[in-house]
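Chain IDs A, B, C and D follow the sequence of writing; residue 1 opens each chain.
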Amino acid sequence: MKSYHFRILKSKIISVFLTLFAILSTVPFLLVLYFIIKNGISVINWEFLTSLPKPVGEPGGGILNAIVGTTILIIIALILAVPFGIFTGVFLAEKGDSKIAFLSRLVVEILQGVPSIVVGIIVYLWIVKPMGHFSALSGGVALGIMMLPVVIKSTEEILKLIPREIKEASLALGVPYYKTILKVVIPAGFSGILTGILAGTARIAGETAPLLFTAFGNPFLNFNILKPISAMPLLIFNYAVSPYEEWWAKAWGASCILVVFVLTLNIITRLISKR
Amino acid sequence: MASRFTRKLALNKDKIFNLVLSFFAVLLIFLGVGFFLSLFNASYLAFKKFGIGFFAGKNWDPVQEEFGALPFIYGTILTSFIALGISFPFSIAISIVLGEYFQKGFFAEILRYLTELIAGVPSVVLGFWGLFFLVPLVREIEIALNVPPYGVGILTASIILAFMILPYSASIGKDAMRLVPNELKEAAYALGATRWEVIKKVMIPYARSGIIAGIILSLGRALGETMAVTMVIGNYHGIPESIFSPGNTIASVIANEFTEATGEVYLSSLMYLGLALFIITTVVNLIGRFILKKLQH
Amino acid sequence: MTDIVLRTENLTASYDEHIVVKNVNLSIPRNSITAIMGPSGCGKTTLIRCFNRMHELSPKAKVEGKVILIEKNHQIEEIDVYSIDPMLVRRKIGMVFQKPNPFPTMSIYENVIAGYILNGIKLKKSEADEIVEETLKKVSLWDEVKDRLHKKGTFLSGGQQQRLCIARALAMKPDIILLDEPTSALDPVATLKIEELLEQLKDTVTIVIVTHNVGQAGRISDYVAFMYLGELIEYGPTDVVFTRPRHEKTEEFLSGKIG
Amino acid sequence: MLAEKLNKLKEKIVEQGNLVESMIEKSIRGLLTRDKALLIDVLQVDEPRANEMEIEIDEMCVNLIARFHPEAKDLRTIIMILKMNNDLERIGDMAVNISESALFLIERPQVKPLIDLPKMAEETIQMLKDSIDSFIKGDSNLAKNVCERDDIVDAYRDQILRELITYMISDPTTIERAIHIERISRNLERIADLATNIGEDVVYIVEGKVIKHGRYKETEQGGV
């Protein structure tokens, strides 16, 4: 048997080693953040945020089309996923042991793991192909589907945490079931549901793959949801793989805005759910 | 006392409400089934033409309308498993550090945020960064090793994937480590074990299935990840000869070629790829979640 | 026992084929405190949950027999509880639960009039103020909370929360309130306060309380029912049941041999 | 709650005390004023009421113990009330004895002028009054005082007996009447004894000390 001192020393060395390894794994994130801010911050100015792209060669121009596009896509996704997600979440929390619930949960788990590109294909088949052209609507639907499992899961989890007594107290006051759910149970779980919605928004705001065959992109400002629309991640992708240095700069600027937006949502979600 | 009318009305509203709830749940099930059926339907043409042999075909030639998925399957599996290999030691280290050494406190919070937040960075941004930081770096290495200096390729894609999946396996691993009962650890300490011995002989064996679930779930992520991979893998349709050579994954082929696909067979073949990806990731995910669920009970 | 407010006729209740209340016939006198006692799992909670139709909310729950509520306004009216909308029943028969459960999103003020708010019954500000003050005074909570009516009810102590929940039930002006082991989550001092409160309240409302605590049943009730394995074994004035129980099982329960 | 119910019980026992007190007083007054109606009233109205009340108080005590599980002073109070109830009922019986003898006596000529007997009765009634008073007020000093006055009543009884013996020896026809007078004085003496009992019970309720059977001295020093 090795001496006790040796074993203690070994244990200590390993702990230092592991801690260093863990710290090392934060390096990529910090590098990405550093790179994006370094390259992006100088690009961002008022014009960048409020004007449309200009052809290569012309100075100036911005990414307004993408900002508006992402906003519209997120709104469409929210409109679809929030009610759908909350109602399904309520169903799972309330009638959790039915057969329908079992199957729904299975679908939620499948949706949670489905690659975003597959969602893109599906929405292409369901909406783009029948319509004959790309559209903001199809992009919003794709993002909505991506968001759905997050909203459902967080709603279900938070509602399960709400004591049964709260619900019964309301029913015992002669309040109908639907009002009990809408006015007592859902408000009691409001912060949790909100967290889920924010987390879902964070998940979809940077999604690109499902937009490739749905929203497609659009160099002009568009408010018509039946027409193709641009989005921040689409713009970053298109500019990043282009051969023009000035487009790369614009992509850095857009990346910077998108990353700050998504990370802020992420941090807010974590802070809310910690309380 | 309310009139008979309002008595009935309230009851009806409850029924309607329950119907609405069930409607959404059933709609969700239809959504899931619809996913599968639509993909299956769209890929039927390619399936009829190439059958299961599709996945063994080495050539992907849109001009000749000859489609074989083997290079992409190979690329997908290669990148995913290399990524798992790269991230594994880090993920274990984070699991142990956050699951045992630093469970609370400022350092633990910061470390947790910094390791988990990379999952929040949009994959297109990571790909962009990879293109301008990682690709030149890998190119230097390739020059030093005297292999063709593409920069882009399997290795670059794997490194990016490793960054992306690390938070998943690390956070599930950490949770699994924290689930180890204190009595068990104390019993081992009481026998004179050192901290490392407790971790190695008690905690890791106890948390093993959780760690494995984390790895499986992150594999599911890696298999389906699209944008970052598409941007740095090099889009080569052949079977990659080494980890330095460019390649393609199922997801990256679809992303690259879908909007340009002309011809029904071409499109259907891409759908067929999508169906395969869907089934593989779903199976991998469900296995991972099944293990996790068993762990929680 | 002439002035009856609630009567059950061959009441039988079950969960998933498992009968928990067997053929109970019970008449509850108006403006009194009736305690239902018995060892845990004897069906006492289920019994009172049948009174205001809460039992049927549980999955696979079934109720047979009748529960008759006797209202005395201008004339005497017998209402079969299972023939009208359960929402109406629950407004006439209030309920207070084991764990204090004020609505977490509502203030103390809103909690008192929660029944009105949630049912969509509009109250004038002055009306609402009056109900809140009057009800909180009834449960002797007014002096303790009058300066923080608009704070959340969940900040109160356990005993105060439970009194708030009693106020919430009372504000609907029910004929009966059912209390399901209302003090089991409270400390002895808070328990005593609730018991004193119930004693005061029986002038305005009929009280039915489920308790596993023999002492509590003895201290506060006018009538006591003893249940065992789902059956109503003995029922009568507390003085009589506590000193000269007719049934051997009651004797054993009272002397702590079962339960 | 318990305190309230205990008060009701106390009121009841005081009422019973007052009733039996009035029974003694009425029977003696009936004897002295030769008022037959008063004596019959004691026998036919008061006695049944006292009996009824005794049962009622017994039940109240048992109920309180069964339902409230009283402790310490509350428990002592209830147990003592239970005993007082017994004592008072017996005092009632003795008042009945007195009334019966009085009924016999008032139909016949006087043996002798009744001088000591009224005084004795007065003292006895006062003792009973004081013992009940001490109970109401929780006054252990008054209660102890009652216990000490027992000797006075005993002395009256001896005195009366001696006198009656003289009369009986000198005129045997008075024997029957004399025995009835003696019976009255003996009953008064026993009433005084029971009043003493009550006094002792009050000391026990108030102070938790037993002063019966010569323990008075010991407990003064702190031991029981």
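Points to keep in mind about this one:
Note that a contact is a pair of C-beta atoms (placed from the backbone, for glycine too) under 8 Å apart; a residue touches a chain by one contact, two chains touch by 3 or more.
Just so we're on the same page, UniProt names per chain: A = Phosphate transport system permease protein PstA; B = Phosphate transport system permease protein; C = Phosphate transport system ATP-binding protein; D = Phosphate-specific transport system accessory protein PhoU.
Computed from a predicted structure; not experimentally measured.
Among the other chains, B has the CA centre that is most remote from the centre of chain C. Summarising the inter-chain contacts, the pair of chains with the most C-beta pairs in contact is A-B. Chain A and chain D, compared by their mean Cα positions, are separated by 93 Å. Look at where the CA atoms of chain B average out and do the same for chain C: the two points lie 54 Å apart. Inter-chain centre distance (chain C to chain D, centres taken as mean C-alpha positions): 49 Å.
Work out the mean CA point of chain B and of chain D, and you get 98 Å between them.
Among the residues of chain A, those touching two or more other chains are numbered 176.
Multi-chain contact residues of chain C (touching two or more other chains): 87-88.
Contacts with at least two other chains are made by residues 10 of chain B. Here chain B touches chain A in the complex through residues 10, 13-14, 16-18, 20-22, 24-29, 31-32, 34-35, 38-39, 42, 89-91, 93-94, 96-98, 101, 111, 113-115, 117-118, 120-129, 131-133, 163, 166, 170, 192, 194-197, 217, 220-221, 223-227, 231, 251, 254-255, 258-259, 270-271, 274, 277-278, 281-282, 284-286, 289, going by the rule given at the top.
The part of chain C that touches chain A in the complex is made up of residues 52, 54, 57, 59, 86-92, 94-95, 97-99, 101, 103-105, 114-115, 117-120, 165, 168-169, 172.
By the touch rule above, chain D contacts chain C in their complex via residues 1-2, 59, 62-63, 66-69. Of all residues in chain A, those touching chain B in their complex are 4, 7-8, 10-11, 14-15, 18-19, 21-26, 28-32, 35-36, 84, 87-88, 90-92, 94-95, 100-101, 103-104, 106-118, 120-122, 124-126, 145, 148, 152, 176-178, 181, 202, 205-209, 212-213, 216, 233, 236-237, 240-241, 248, 251-252, 255, 258-259, 262-263, 265-267, 270. Residues 97, 163, 165-166, 168-176, 179-180, 183-184, 187-188, 190 of chain A touch chain C in their complex.
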